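Every chain is named by a letter (A, B, C and D) in the order it is written, and numbering of its residues begins at 1.
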Amino acid sequence: MTHADHDQSPEPWLTNPFDDDKLKEECGVFGVIGTADASSFVALGLHALQHRGQEAGGIVSYDAEVGFQQARRFGYVRDNFTSHKVMETLPGELAIGHVRYSTAGNKGQTAIRDVQPFFGDFSLGGAAIAHNGNITNAVALRKELVERGSIFQSSSDSECIIHLMARSMGRTIPDRMEEALRKVEGAFSVVAMTRTKLIGLRDPLGVRPLVLGKVGDGWALSSETCALDIIGAEFVREIEPGEMVVITKAGVASHFPFRPAKSRFCIFEHVYFSRPDSILGGRSVYETRENIGRELAKESPVDADLVCPVPDSGTPAAIGFSLESGIPYAMGIIRNQYMGRTFIEPTEQIRNMGVRLKLNVNRALIKGKRVILVDDSVVRGTTSRKIKEMILDAGAAEVHFRIASPPTAWPCFYGVDTPQREKLLAATMSEEEMREHLGVDSLKFISLDGLYRAVGQAKRDNKSPQYCDACFSGEYPIAPSDQITNGFVLKTAAE
Amino acid sequence: MTHADHDQSPEPWLTNPFDDDKLKEECGVFGVIGTADASSFVALGLHALQHRGQEAGGIVSYDAEVGFQQARRFGYVRDNFTSHKVMETLPGELAIGHVRYSTAGNKGQTAIRDVQPFFGDFSLGGAAIAHNGNITNAVALRKELVERGSIFQSSSDSECIIHLMARSMGRTIPDRMEEALRKVEGAFSVVAMTRTKLIGLRDPLGVRPLVLGKVGDGWALSSETCALDIIGAEFVREIEPGEMVVITKAGVASHFPFRPAKSRFCIFEHVYFSRPDSILGGRSVYETRENIGRELAKESPVDADLVCPVPDSGTPAAIGFSLESGIPYAMGIIRNQYMGRTFIEPTEQIRNMGVRLKLNVNRALIKGKRVILVDDSVVRGTTSRKIKEMILDAGAAEVHFRIASPPTAWPCFYGVDTPQREKLLAATMSEEEMREHLGVDSLKFISLDGLYRAVGQAKRDNKSPQYCDACFSGEYPIAPSDQITNGFVLKTAAE
Amino acid sequence: MTHADHDQSPEPWLTNPFDDDKLKEECGVFGVIGTADASSFVALGLHALQHRGQEAGGIVSYDAEVGFQQARRFGYVRDNFTSHKVMETLPGELAIGHVRYSTAGNKGQTAIRDVQPFFGDFSLGGAAIAHNGNITNAVALRKELVERGSIFQSSSDSECIIHLMARSMGRTIPDRMEEALRKVEGAFSVVAMTRTKLIGLRDPLGVRPLVLGKVGDGWALSSETCALDIIGAEFVREIEPGEMVVITKAGVASHFPFRPAKSRFCIFEHVYFSRPDSILGGRSVYETRENIGRELAKESPVDADLVCPVPDSGTPAAIGFSLESGIPYAMGIIRNQYMGRTFIEPTEQIRNMGVRLKLNVNRALIKGKRVILVDDSVVRGTTSRKIKEMILDAGAAEVHFRIASPPTAWPCFYGVDTPQREKLLAATMSEEEMREHLGVDSLKFISLDGLYRAVGQAKRDNKSPQYCDACFSGEYPIAPSDQITNGFVLKTAAE
Amino acid sequence: MTHADHDQSPEPWLTNPFDDDKLKEECGVFGVIGTADASSFVALGLHALQHRGQEAGGIVSYDAEVGFQQARRFGYVRDNFTSHKVMETLPGELAIGHVRYSTAGNKGQTAIRDVQPFFGDFSLGGAAIAHNGNITNAVALRKELVERGSIFQSSSDSECIIHLMARSMGRTIPDRMEEALRKVEGAFSVVAMTRTKLIGLRDPLGVRPLVLGKVGDGWALSSETCALDIIGAEFVREIEPGEMVVITKAGVASHFPFRPAKSRFCIFEHVYFSRPDSILGGRSVYETRENIGRELAKESPVDADLVCPVPDSGTPAAIGFSLESGIPYAMGIIRNQYMGRTFIEPTEQIRNMGVRLKLNVNRALIKGKRVILVDDSVVRGTTSRKIKEMILDAGAAEVHFRIASPPTAWPCFYGVDTPQREKLLAATMSEEEMREHLGVDSLKFISLDGLYRAVGQAKRDNKSPQYCDACFSGEYPIAPSDQITNGFVLKTAAE
């Protein structure tokens, strides 16, 4: 069932100039306990995590006097959670929040009730839950729950968790949450709350990030450290794979409810999803990306006049490439700071109008130069072609693409929005075919081992990889059950 | 849990000038099957039923191609369900809708998710349900459902029905609905739909109205006949107390799932709730009200110059009073057609500003005259006092109040918003005390028998009253279980 | 030049059910001096005058500290001038306001800058002006002003006045206003303000109304007395034709700047424009209308069962007709209180849907009855036909129309929105042709003399009529210069 | 007079993180003739010029069928001029547009009627005009015009031009424009239009930029070349100082109506205002800024580990500094791409919350490092202090500021929003005092000669400077008459 409850519609614009040709993180989560105005801290944290989900956001707070309160909106955090009118409806010292992208299938159809956190009123008190990741057996779980009489409020599979909790016989909410999540397969970093507890939990493989911070006398949970910085919180540590932390005013209690497993953190968080000022696995994301650029320069050098980033996500790798190669770094492509919606196209058509709205070539700089363009990834390849055309129109002598990730050849089922496999350029073409398709003088991707080196490993352990790199390798650490039911074919030995 | 999902807030204005001093019907329901654009018919029907609930409205439709669709909004039907943008999201030949007031306890806190129709996705297909009335054992039902793991979306007790249906083992949705409603106590006129059926049902006593109409090749269910008129439907008959009709394209099937009981239709529908152009129990509501005025003139005559209605609900009884008494009818009070919100009160205060926004005395007409004011009811008495002051300010020689209903001394628990008993003027004062309190020359209410005569009975059958008149008599035909649990004391023998 | 400055568009709905088939007063004006929060009084006054113009409204205030302030909006006063946010931008003890309809030619194209009051910053201080009426030589004046270098802000001809004032050599603003208005031909009741003065002025014939009231220590000017009532002001007197009052804190100074002329007040104000609770020429408008009904019953009696008004404007005359004829008065047509916008018409078409949205026939009452319908006027006749159809559909035995004004056969050029002459039913048909066209059993209009009797005259003085009745008689007391230039043909001797 | 015509208020947020501590260009202008959908081209051009004015924008178009059309809005071009609903109200092959900042005095009080282009309906046909710059004798001009009866629509001094044109006896609009502009003193780059002509004009000194482009068969005028790029137009040439071009379908006619003077282009356009991808005086703005960084590195070297830009305006100079000095370039400060409004500050206060919303320090990168921060200018110095604190909080060993412009010690009166002189840090402190005030290890500004070298001059010609550099030097090439009347003291010999 779809809903037209709102005139509010998801903003039709995107901040990254080529967002339609990027993989998209589907969510960010944030929670705070033990400080006044917890929801204001959560709003700030979500603002810092906005890159993880721009479509909608929600906050749930709890205050003894008014109980649980909730606000969920389409659009940016800055547009929805900054007015006194809204924030004063969310009082208390305990709050959690969520920002989200829509999933691939639902674009433009998301209803406000699909926006997390989800709330359930149990016989032993209410709980709210927000989730980053994806449940890979959600279809089967949902079918069973409906048959037993649960009524789903949303089309979101994350709602399964709250229904499993409602039906659990557990005597505390953390007990019920443990019980519920043991039935769930997939990747999930969860932030939840009861009237007195802030709860954080990562799936056994720890695919998605979740960190713990200290803010004044209270505590914070966040998808990334950059959101701790914005509220002046101190970064304490990462929640461990398979760990559940239950935080009260008394402190942080740690549990390990799942069967132990080897960590498989998402390597693409290093490449693109996380903000460059976050710290992942003890390493600055910015420096990892600069390292990727250095590795690329070593693996695939080329003689040229300028190294230019495709703004803004290619910037750190371009700087690394320049530092390693000695070729000067320059801003050959300028991004319009006022990015935005689709303009009406004049009858007299403008070539590559979509790109021009967002980027402009620094013509006087580029003319006659051999240019290395550094980008973070190639997904469909549509915008790479347009950028190449703009650069050549401006009179570049040569165009060389260097890509800060291996070819993206497989969809992600763990909370990232990817096109279907056949839409991924690298799923159907070799590197040379891609080079021809893009029409550039050279095209090189970093190798999978090069990427592992950039994140500090000697090399990829092919027997038991240190990270989840399924989008590059096709090796899925968690079986995508619903997808397989739905016809998805796993990698064959031949591939 | 409350929700700040919306900037949309219930309209802070009321159409009846003294709505805050009236009893309020809490709901109107409407459904259509078997015509193209069913939801447009429903929108029109709800517009005609707007007087039964002005706070919010909702429509659910079903179309084979797009499934169930839903739109729910705060505010008037005319403001929400008239744009192509909204109505084209509600395609199909089957649709139901609902308009509602908030209940007393929830004023200003209603969330959009409290707005009906409610929808549930069952294992055997979805169903939507809209409800006029009140469930008197809802608190107990809800507690039990939550303990078994049902998660309520709303604070509305009507949601119990859909959860009972979800948990039923019945093999069809009508079966499940029967089963669910047999567990429910109270007054309820229900309109529901599945993918192929429109269902109507009244509680065994038939407290709230529900009528059947024929529109082209299809059928309509409505709270009142005036909403059949607006869509050009023919009035077929009333749904009988305890009857459940299941309507498909093939026709109307009638069931009587409940134990038979004697009808106790709400007599206040005749006095105030229903529109004067509706037909109730085979009688024109307008003529019943004119009859009430005639009875009043017989029971409580008074020598005077003019009979004036308190607009607009006192008008038919005032006409009847004038016709019976021969005293000329006149518009002594003029209603501002552009009623509205609260204006900013100037520092230099205006006496009775709230009333002046809505009414003005026809000063030149009233001056020096002995005036009979006919009103439909006295609830708190606050506005009656203000009107009396305005009339005296304008120079009236005498003011006589004649009230078209008996003293309202008991709250309603069957779907009408009434103040707590101690706020009802007639619960704490005798007629003479009320006259003094209001400061008028005379005050007379119609007798309960007079009212029964006006609706066509010889007199009230005190052993087994023909109508529910609990608000006047304190005799409740259905035990208000939750209320009693909550401390409400039923009428004692002494009263 | 047109403007798309605003998403704000004029409300597409009308409060009178047949507003598209009525003459429309184009404006109401209101001003207050000498009270705190003058703009709040003005907002209330404009609310009471809303029937004179529903499309837009504006208020200008003056406060020594912040100077002149202005707010102008499309839509109802209650929707625009009731929030603290807006009203606190309009401080001071002196304010004027205006409500307006669009003029015939401009429908749907009105820009916010066409909304009055108009403001001009002169070398000797600013002034604001609001105007009810129409300037009959505006085209010529505007042409001359533009040639001399004046730049018009609006398409409104009333703006001429402010430009004439700007160019005047007068040493005070009242002097300039006198000088400006002596160049202007037409009907105008003006309310204006400087930093210290509230000014009121009526054209020499006094075609449009303007009254003076006392509110606390201050003064008010208003189009009608009903707007004095709402603010608790005492009605002092009417401003006389050709009089200019200059009101300061010190009191009211009266001037007569124009050549004296015999008064020609608009008789249609009595018939329809003014509110029934206003006082015009010392007479209650309600009683005048009741008189019209009595005169009609004398002039054109008919044997029937019921006298029903076409709500709401036909009501007082219907009451008068009933009182005179002894035929019972009844509400045969019920008006939907929630009037509104256009709904989406379902595919399966509903007959006379537009009318059904606003009115419903009281079927049970009307069936088999001979019905007299009393309406205030017939303009195009389109809605009269639809009402007749509804009444016959409901089973009436006979339908007799009685109209409370003479046939409307000529357009008004003095501030009332009338269709072009050829669209007026009475301009092209005799009474009998109209009866046939409408398909009713009888149709009678009140005679011009009957109307004059109802307003208290013995008869119309045909040599020198006591009122402007050009819309009935074609005798225009002020030459419509621009219209004649534009091809309008005055009444010939033959007519 | 101020206006509350709109709920629309200027967006309370700024895109540049420290916009409140930057000089702001007040306007950008754009015009197109000879192409279908001219207004869509103008919307795109204004989007590319958004950095020159973010508060509001307007477009006027002309089409033979519908005449002049206009739309003016607060907020971004992308939010206002991208819908079909708005753009189809602006048809035709000729259009001009304008983006604006509010001027210092008027912040938060701008009314929509202050938004350009201004339009005047003259006796010989209408004209619209948009203006970048400032009229230095506007107060005197306005006073004289008002005395002669002109009524100003806006508080904008640019409106003088249109009134001067209205009163001119010139027989064509270009004639009138010439005549009007000869009475005007100041800096002005004007784009204007009649029904058939697009007109461009720069003041005799050419203080503000204006360029000519060719788009298909038509022509474009723009403040900067980057806006030609977005519509795919070819950059033809700059309009010369004192030149007036009158463009019709037939081509471009050039006039020089003013007395010849030596060019004094604004040097700050090179430093900050213009976009890095624009071309000014034949030079890439990006390369000029990289040059400034190189000059800075030569003039004020310092031993350090990293060169970091203050994003985004310090970036090109930081790259230049790094290339010249060999010290690695790094992104030590990360800008939040989702900049925005003010969040509610939690009770438990966050240090430097305003800055944190917009920037975050790359803590892992900065820790223990000696950092050179390159910024474009220091105005009030408030944000420089906060950035320094954030960098030190993150553990930097040393902080060195290098500023890509000389000390800003004088206000601009030529179309740039500057604080009053006493608010400019450099107006009251020496370089060493500023260093102490900011609390950094070193602080160096580029020298005025260094800046002249970076733009390609050997040095500044102190007798007759090649540029307007009044903000640095206090040497005003055009007497700021109104300001002097208002008490501003020009530089004395002593300074």
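Definition applied: a contact is a pair of C-beta atoms (placed from the backbone, for glycine too) under 8 Å apart; a residue touches a chain by one contact, two chains touch by 3 or more.
The chain list, named the UniProt way, goes like this: A, B, C, D = Amidophosphoribosyltransferase.
Note that this is a predicted model, so its numbers are computed, not measured.
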Intersection of contact partners for subunit A and subunit D: none
Longest centre-to-centre distance from subunit B, chain (CA-based): D
Whole-Å gap separating subunit B and subunit D, where each centre is the average of the chain's CA atoms: 62
Length of the line joining the C-alpha centres of subunit C and subunit D, rounded to whole Å: 50
Subunit A-subunit C separation of Cα centroids, rounded to whole Å: 62
Contacts with 2+ other chains: residues of subunit B: none
Touch-based graph of the chains, sorted into line, ring, star, complete or other: ring
List of subunit D residues in touch with subunit C within their complex: 1-6, 66-73, 86, 89-90, 112-113, 119-123, 126, 143, 146-153, 162-163, 166-167
For the subunit C and subunit B complex, residues of the former touching the latter: 13, 15-16, 35-37, 40-41, 43-44, 47-48, 50-51, 54, 76-79, 81-84, 87, 215-216, 226, 229-232, 275-277, 279, 283-284, 286-287, 290, 312, 315-316, 319, 322-323, 328-331, 334, 336-348, 350-351, 356-357, 360-365
